[in-house]
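Structures for review follow.
Shared between the two complexes below is chain A, which has chain B as its partner in the first and chain C in the second.
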Partner chain A sequence: MTVPTDQHKEGKKDVTFRVFRFNPQVDSKPYFDDYTIPVERGVTVLRSLNYIKEHIDGSVSFRAFCQAGICGSCGMRVNGLSQLACTTQVWDVLAKSREPGIIKVEPLRNLPLIKDLIVDMDPLVDKMKHYSNWVDSTMPEAQMGKKEFLISEEEFLRYDKATDCILCASCVSECSILRANREYVSPAVLLKSYRMNVDSRDAIHEQRLAELVKDHGVWDCTHCYRCQESCVKSIPIMDAIHGIREDAIESRGMKDTSGSKHAEAFMSDIEKKGKLIEATLPIRTNGVVWTLQNLLPMAMKMIMKRRTPPPPPLVKSAKGIKIFRKMFREMTEHVKQDHKSHKK
Partner chain B sequence: MKRYAYYLSCINESMTKEVDRSIELWQKDLGIELVKLHEGTCCGGSNLEYVSPKHFALVNGRNIALAEKMGLDLIVSCNTCLMTIRTAKKKLDESPELKKEINEILKEEGLEYLGTSEVRHLLWVLVDDVGLDTIREKVKVPLKNYRIAPFYGCHILRPSTVLGHDNPVDPTSLDQLIEALGGQTIPYNHKNRCCGFHTLLVAEQESLNVAAEALQEAIESKADFIVTPCPLCHTSLDGYQAKALKNAGVESSIPVFHISEMIGLALGYSAKQLGIKRHIVS
Partner chain C sequence: MKPFDIVIVGGGGAGLYAAMEAMKTNPALNIAVLSKVYPNRSHTSAAQGGANAALGNKAKDDTVEMHIFDTIKGSDYLADQDAVDVLCSEAPKIIRELENMGTPWSRMEDNTIAQRPFGGAGRPRCCYCSDKTGHTILQTLYEQCLKKGVIFFNEYFALNLSVSGSRSNGLIAMNMKSGKVEAFPAKTVIFATGGYAKMYWNRSSNAAGNTGDGQAIAYRAGIPLKDMEFVQFHPTGLRKSGLLVTEGARGEGGYLLNKDGERFMSRYAPEKMELGPRDLVSRSLETEILQGRGFDSPAGKYLHLDLTHLGADLIKSRLPQIREMSMNFEGIDPIEEPIPVRPTAHYSMGGIDTDNQTRTVMGGVYAAGECGCVSVHGANRLGGNSLLDILVFGRIAGHTAAEEAGKFSPGTISEAELAEQFEEIRGGMHTSGRYERYGELREELGQTLALNVGIFRESSLLQKGIADIAELKERFKKVRISDASDVFNTNLMQVLELKNMLDLAETVAAGASVRQESRGSHTRIDFPVRDDANWHKHTLATLVNGKVTLGEKPVTMGRYELQERTY
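The block that comes next holds the complex of A and B.
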């Protein structure tokens, strides 16, 4: 029996893997090596790399273990996108490849490089330690192991998804702010921090939160959603980041950080005018001195171009603001009621 | 003439007035009419949702209900307003209790959130409703000598569970629009990256680094200008450009256009009419 040619072609292809290479002990700069191998439908990027290492070049270095999307070891960038090599199908990548038949494999971004596709995870682990990414139990030590520590299903559902994180660091690699400053807490650590902070068995909620609202913490996230979009476990990471912010506002008020003051401005402006009063936003966020030091030259240019936002009295309220305001305040009463019944 | 309800974004009413001004010039040329929603309020700019999730649902449920009352889809020309209002819509459509709670309050204004109006970006309306062929026919001054870097911005792409129009990894709608206007899009890795706008007042240094990277790639690729469908991205890339590039040690500059201005130019309106002279970088 003959196999139809098209089907035969579809079943197996020659694919070129363009692999990032760099050994800091030997090489002066990074380069790429091309390996062209026959790949069958259904084969993953990781299996292809294993094939290359076994049959063509034993010196290609990468980290991998479970081969089943569980351990999180084989995070790397495949055609620019951070993902797990073991759950990424070669055929799927080829379908979207800009250069036909070529798959570019590079190490994760935003972490120090050790060799080829291997990055150093220590900075991430250090941040997890810094932000106490574990449950510090409220149970006295004498009782441990003797008594069950139950949580409600309702509570568990609040962090169920967050517990799916396997620390593959794909989100770390895609983060816009981390790319701009490696001191930033990073999305994976915010996710873990959220998970620990909503756990009723945990005793250091306030302490962890106090650390999270400092510089390079939760307020530095720029809401680009790249972390969430690249998460290999489809965890809504931004919900966790918003969750920490909501908690910070509820527990610490809205006056302690520029991030919370900035957020408060939206709430109060909407209630007042139904519109954002942009002219005073920098001052309300960072104070007069910061605003003069940082924004004066730009403000001058904006004045020249008649681009400055109108001063507060000239910001026109949305039409029908009176009834809007009444409804807004009615919702404020609902929220107060919610908080009361929540505390009970 | 197809009609839509048009959401007024705060920034377009203050700093980037040229956006709405230029849309007003050409909307009828392309067979669309955007009816301004003067009763609409600020969406919360991706902040209100964590300050108070319930106020967030009320405010944006109301914004959508205003369009529903007119029987029209709600069109937005700011990425963040788009993402924010669509997020509220998703929450309301998925939670009958929340919907009931806000509708109890909205009754006072004779409004009800039903979930019948779509919330869409102006760019999507142009590509999907007006159509690229119609746009091509209407072009008077093709942008044929221009190499253009398409900067989509985040909130028209991500989260894809809320947006879902373009593939966030390799979006095409803006590229298609540029080509329909006769321009040439350049390969631009930053097309789906961030402009840094949302942390400009909270983590300025980081935001400037983010903006500088996007600007630098466009400059190095010898683009004539960057175009963006978002007035917030425009503010970061144009308003803060000098500061961002100085910070990165780059001595160069690149103009940044709104899509509404790019369309206006191709339809034969002048830079002055379109308000392009209001940009910080010329």
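The block that comes next holds the complex of A and C.
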């Protein structure tokens, strides 16, 4: 049994595909099936799965459509990392495999499992709807088709990369916040929201932003960068997330949400001391009442264990704070200038 | 169950535009879009190059008239001229409409929509978004449909029309998530399921699901298919996978080279060179290979598409997807090395016979996009006209169905009919004794089609092809479905897709066999010239008593007289 390839005859490797199996009709819990096939260089994970399905076990279920890396159907976890099966070379995976000769194939995380490698994409679509992931044109429908908006290359470049997204949900699967909270907006939807927000043809920036700064929104991201690292189209998703935050602060003001207040507290501490004043951070982020209600038990425990952060007066400025402050001011000025030229 | 006003089968560009336009025409209508994939997965996303429209942004002297002429000439005069008129006249409006809704078109220096040259076009009129045009159009349409609240039935596999006499009662489809066979009673049904070129399997650029489901359903319901023999081979498929390297790569200045390093297109289209129309360029590549000027490899013979002289910057900015694909599927960086290519089955000009308003012969049933055949592409489609086709005629289909839905009162779809369908599709689960594997049948179908009903055709080859298909259909009766589950049975779905491809392959081979001339994509070695006296007409394939029966239909002429087609 050889997955037929053509060109490279320098060898074959016996590869065991350890495939996640779950059929909700009969299985009470998931299990793995092993399929061992010889694979030549140049064969993708998807071609191997196709071969297993066609020749060994027709019940292995996964989605695949274009098989060329553009439709986004075959997102799955290959040796733990979310990616497209159709653009992933078996030999490349093997080279990094912890268990020699074994490739583990599992469904994407953070979306409801349907069967084997197939997960339900509806929650993602629902979020796209919730966050208005469309251009709501400034042009009335009746006027459309008559003339073009004139869009500068500069504006085009602002959303060009974001429009590469094929909604494969690799980022959704890798997101650490979604693992804790499935209601979180999710990286793909933030990316799309950003793409709409920087489009001058769109009329509902403010409305979209208002939704994005609510609970489960843009401020919940913890900057783990896993979305960006796993993006199959190499889209700088974190730039989009930062973009939305900057936009939110600029247009809605610092005091608007706990997220923006948290960011402000960070900035002010860093500017003053060169480090964080942790003791008062929760109060400055969420207010006194919230902090007392939610963090008092933990504060008590910290006191018992003598793990409390030093009170503000005792936080000394970091070494070299003067030079740092100068750099900080320069940077702030630079960012301001950048924003101004952006607006033009 | 109250019938839907409109059921749209297919969620690609044509289906989504139809949904949007239908809602615009009459917001009170009850509309559903069924798709066997999530709509944003549809094959529209794979269209790289662009969409033609005489905007005049790049060439100020471009006109709709010139676009019409290029299209008719490109079709080898088989397109209906009134239909081409609609296609090209609507083009500038529809491109601007998409732009107004948010499609991120690339831009010219004066901030208008960018345009580039494309094969067979007299002016640079192909509007694009780098090399992801189809993807961005599909995203825009899907987003706008979500905005409008279009009701989607995602991952439903369409099985058949329910027909009483000559009247459609609506659609029967399988819900992939549950495996249930469900009824969609409907006043009108629009088929927009894309093309059928995947029947060439590994020698096709198409997505695995481009199996002509809509055409096969219409055919089984007695609706004629038009010009099925015309399958376009794209000149530059990747050697190993058949995946496509966009014509944009040649539009940006890429060369086609044979093993002697010669730009061989100078022999076949001295003026247009690499930018000749697709059928001509494909034949040129095939001829070079047949005459021994191709490179050899275990994967078969191939030629070079050379972009190295364009430079890293241009390749990275204008053709990033091509570069990515070459690296993923051939292990080659086009900045450093030429890309190995050979022709690949790419587009089906034929489809469900419709009039200019996308109506079929069955009242309340419409077809649009690659699924339908108006015909605007005739014997050969020009690059950049297929995205345009799905947009223009998708919109017309939505509008027409919305206007006409009130005229139809469908009958009911009975539980008994659903139960019968359910039993029928799952027959393969009960196959005992010696059985057939669907994967093998599918590959054999692709091979015989590429060999016998491919770029160069000839009587004895075609007879062989027809016999092979008949044999495959026989063997299909013993095919086994090894997945017995109801939930998301992709095994069952792929078997049903194969059934559709086998039904349609018969019509392709039959049409190719009867058409004794060479026109556009259809090249007969035994009848090497165009025969206007006998064959300036469409073929119609209808299923009568289980057999493909061929008829014909005249071509609508207009301003342009028949001419010899040279480039």
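Convention: the second predicted complex is superposed on the first by the 294 of 344 C-alpha atoms of A that agree within 3 Å, B and C clash if a C-alpha of one lies under 4 Å from a C-alpha of the other, contacts with A are read in each partner's own complex, and residues count from 1 in each chain.
Everything below uses one rule, namely that a contact is a pair of C-beta atoms (placed from the backbone, for glycine too) under 8 Å apart; a residue touches a chain by one contact, two chains touch by 3 or more.
Predicted model only: the values in this text are computed from it and were never measured.
Touch criterion not met for A:Trp91: it reaches neither chain B nor chain C. Within the superposed three-chain model, A:Ile323 lies in touch with chain B and out of touch with chain C [touch as defined at top]. In the superposed model, A:Asp202 lies in contact with chain C only, and not with chain B. Applying the stated contact rule after C-alpha superposition, one finds that A:Ile151 touches chain C and leaves chain B untouched. Put simply, chain A touches chain B in their complex at residues 80-81, 96, 176-177, 179-181, 184, 219-226, 228-229, 236, 238, 242-243, 245-246, 249, 254, 258-259, 262-264, 266-267, 269-270, 274-276, 278-279, 281-282, 285-286, 294, 297-298, 301-302, 305-310, 315-316, 318-320, 323-324, 326-328, 330-332, 334-335, 338. Those residues of chain A lying in contact with chain C across their complex are 5-7, 9, 23-26, 42, 44, 53-55, 57-59, 61-73, 87, 89, 114-115, 118, 121-122, 125, 128-129, 132-137, 139, 141, 143-153, 156, 159-160, 163-164, 166-167, 196, 199, 201-202. Across the interface of their complex, chain A is touched by residues 10-11, 13-15, 38-42, 44-55, 58-59, 62, 101-102, 105-106, 108-109, 154-155, 158-160, 168-170, 189, 193-194, 196-199, 201-207, 209-210, 213, 239-240, 242-243, 277-280 of chain B. Of all the residues in chain C, the ones that touch chain A in their complex are 24, 37-38, 40-43, 45-46, 55, 93-94, 96-97, 99-102, 104-107, 109-113, 129-130, 132, 135-136, 139-140, 143-144, 146-147, 154, 177, 207-209, 240-241, 243-244, 297-300, 321, 324-325, 328-329, 331, 437-440, 480-491.
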